[in-house]
Amino acid sequence: MLYCVRMDVRVPHDVDPDRFAALKAAEKARAEELQRAGTWRHLWRIAGQYANISVFDVASHDELHEVLSTLPLFPFMEIEVTPLARHPSAID
Amino acid sequence: MLYCVRMDVRVPHDVDPDRFAALKAAEKARAEELQRAGTWRHLWRIAGQYANISVFDVASHDELHEVLSTLPLFPFMEIEVTPLARHPSAID
Amino acid sequence: MLYCVRMDVRVPHDVDPDRFAALKAAEKARAEELQRAGTWRHLWRIAGQYANISVFDVASHDELHEVLSTLPLFPFMEIEVTPLARHPSAID
Amino acid sequence: MLYCVRMDVRVPHDVDPDRFAALKAAEKARAEELQRAGTWRHLWRIAGQYANISVFDVASHDELHEVLSTLPLFPFMEIEVTPLARHPSAID
Amino acid sequence: MLYCVRMDVRVPHDVDPDRFAALKAAEKARAEELQRAGTWRHLWRIAGQYANISVFDVASHDELHEVLSTLPLFPFMEIEVTPLARHPSAID
Amino acid sequence: MLYCVRMDVRVPHDVDPDRFAALKAAEKARAEELQRAGTWRHLWRIAGQYANISVFDVASHDELHEVLSTLPLFPFMEIEVTPLARHPSAID
Amino acid sequence: MLYCVRMDVRVPHDVDPDRFAALKAAEKARAEELQRAGTWRHLWRIAGQYANISVFDVASHDELHEVLSTLPLFPFMEIEVTPLARHPSAID
Amino acid sequence: MLYCVRMDVRVPHDVDPDRFAALKAAEKARAEELQRAGTWRHLWRIAGQYANISVFDVASHDELHEVLSTLPLFPFMEIEVTPLARHPSAID
Amino acid sequence: MLYCVRMDVRVPHDVDPDRFAALKAAEKARAEELQRAGTWRHLWRIAGQYANISVFDVASHDELHEVLSTLPLFPFMEIEVTPLARHPSAID
Amino acid sequence: MLYCVRMDVRVPHDVDPDRFAALKAAEKARAEELQRAGTWRHLWRIAGQYANISVFDVASHDELHEVLSTLPLFPFMEIEVTPLARHPSAID
């Protein structure tokens, strides 16, 4: 099942830069791993913002929550989840 | 270039049903045509709402406006456009 | 899978009363049918408003959309859908 | 009487991790205790967010406030309370 | 139990004046009746707006909904309900 | 003259607990004093939130500002003021 | 006492032009009368909008409501009222 | 002096098409006239919406209001005005 | 030219009290100076909030920005600027 | 292609002044460089706020994101991007 997920990353100005850099590296690795697994199906950068619009393909809400809440940057994210159904005019 | 576009259709309760049905049919045909052309790359229904999240692939803002503003249901839509850049962690 | 759904019914002041009364009766019958089927698991009235908070149990986003979008009062509703995962502190 | 309560937990990035872990453990124990008592009737995780939608069954607003305001994580929560009445189409 | 209720009356510009005048008269009579019964404990006009802030004293959410939803002007109202608990610094 | 005042108390997580406890005690004493004086006519706790809805009876905006801005917890409050006029349907 | 009042006039597109023109003329006459009386102390047009920011000088909330609610265009207005106290740095 | 002005055109679904077409033609002519006069310095279409972002160069707020409020489509517009000052890093 | 300016002062709870007291004193002196110069024409306190509604009379947006951005408390302010034109019903 | 970009700079009150001053100087230099290159086509100060409205002329969303996200003050900015298409009434 597909979910559109918007993630806005809020970086506190006084966060420890090294700690945050490590989290970002872990986030990147995890994102690549989830894309290869087909879970993270689309990942686009919102132009001009530290935010992304993504589409996840998972079997349940529980799985979605597990994937999102274990992302290294999850504690710094505002997340909006929109469940996507099949559109009657979609040809694929 | 990719644009994420959210379209919420607002149907006035006193609209002429036949007129609206004709517009919906024209909208469906146009959406299918644009998908076959690769312009309308993704079209998903927001579960529970008369709304969709789409991704368009066009060459310019002008082309995007031309495509959206000539959709048969355009006069009944609230539209939000978000330009999408390449995400540094995207593997495709 | 569970979805929390908030439905606010907006009744235009100039709607045909008989037509709306018929829709309300059909809505009530459909709601009862869906509850007996276990699909519409909880249905509560928001005190003081023509709105409800419900919990639906369906197999997919598509099924949720099918159920909601075919409700007789759907054209008069503002709907908000929140996917519910299992809470780590839930005992049931 | 039933209340729908949404709780969003806001964790400051510079909070003492040990202190917060202890609060979370106390919160979990208290939540389980209230569920066994029938006070905290439903507890669902909002997929993708550190937030929950719950239904409380208490005798009065005072009791609701007592229960919520003494939750260990209360100081870190944004809470929204919606009183729930019986819906005329509810079959239970 | 006490509920703070804000009611904003939205009068469509093309409503039938006589019909609305009759509803207003019925609303006034009903409000006076509920105040004499002690149900509608406080009723204040928000200065400058066709709106009021009220405090209701009823036994349950169901009773509150029954009282509000049967007000003659209910179909023209936006209503916000806030449950009021006892304040620890209140002396009465 | 009557004013409806909503006060939301925002407690920074890293505030000095002793300092804040002293402010709360002073706030409670001041609130009781103002209630006895008839200035602070109603004080209700919003169930589930560190907030209250109050009604003040003072002679002018200046007096209202003096009373509110000198409350010990004023620096931690978000305040909303609504002037209340006599309602034509009020029987008291 | 002073109140800052913002008035946004919402003109339905299908209102009877003659009726509305008559209301506007009556509004203008009433505004001039209130200004001469010193009640409507300041009246400024918000550049680019059918809206104004005004300052009223009246003795009570009741008087403010009486003045505003009897304005000919009141039924077409969204009104926001802000009570103004004396500023400690004001020199007049 | 420069003002950034955002104009969103709201077209009621039941407006007389001929009347609106005439207004649009008059709007276009007026916009071209104002651009030639240097008053309407920039006029851009917001991609995907019946809205524009413009920059006006006029001598005063009064002149701005005169220009905007006499636009043929003014009654169908939501307008937001932002006064623009010289930016310290602007090189022109 | 006249501008209506709303200033909300946000005082961080952990700001250095002495530093802030000095800024407030400087702000007061500057405000009095600008009022004597006729630039700061009206200065009213919003009753119940650390905020003011003011009217400035300056020759241009640049001058307005210069005046506001050099106010000692500018870094702690949320500011909203509304350009004021002459109202057709204003008698002064 | 043109993008309208609004940038609001949020300066934490406890940021290191020297660090921030260095960032501001770097920002100014970069802004001038981008303007000379024709990328940053318009840069206006929003009167009364630490914010600007700009127009960028770049070849793609990716280039826009690269330019904005590498601005020295990017970490302290809230950014809103609006793609601009050619307006049918624009004469240039």
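Per-chain numbering from 1; labels A, B, C, D, E, F, G, H, I and J assigned in written order.
FYI, a residue touches a chain if its C-beta (ideal position, glycine included) is under 8 Å from a C-beta of that chain, and two chains touch if they have at least 3 such contacts.
Note that the structure is a prediction, hence the values are computed from the model and not measured.
**Student:** Mind listing the chains that sit against subunit C and also against subunit H?
**Tutor:** Expected: B.
**Student:** Counting in whole Å, what is the centre-to-centre distance of subunit A and subunit I, each centre being its mean C-alpha position?
**Tutor:** 42
**Student:** Round to the nearest whole Å and give the separation of the Cα centres of subunit A and subunit G.
**Tutor:** Distance between chain centres: 49 Å.
**Student:** For subunit H and subunit J, let me know how many angstrom lie between their CA-based centres, rounded off.
**Tutor:** The separation of the two C-alpha centroids amounts to 23 Å.
**Student:** Would you mind listing the residues of subunit I that make contact with two or more other chains?
**Tutor:** Expected reply: 2-3, 14, 45, 47-48, 61-62, 64-65, 81, 83-86.
**Student:** Which chain pairs here would you call touching?
**Tutor:** Chain-chain contacts present: A-B, A-C, A-D, A-J, B-C, B-H, B-J, C-D, C-E, D-E, D-F, E-F, E-G, F-G, F-I, G-H, G-I, H-I, H-J, I-J.
**Student:** Can you check the complex and tell me which residues of subunit A touch subunit C?
**Tutor:** Where subunit A meets subunit C, its residues are 1-3, 60-62, 64-65, 81, 83-86.
**Student:** Across the complex, what residues on subunit A touch subunit D?
**Tutor:** Subunit A reaches subunit D through residues 3, 5, 12, 14-15, 61-62, 64-65, 68-69, 75-76, 79-81.
**Student:** Note which residues of subunit F are touching subunit E in the complex, please.
**Tutor:** Against subunit E, subunit F makes touches at 2, 4, 27-28, 31-32, 35-36, 42-48, 52-53, 55, 82-92.
**Student:** Okay, in this complex, where on subunit J does subunit I touch?
**Tutor:** Result: residues 11, 13-14, 45, 47-50 of subunit J touch subunit I.
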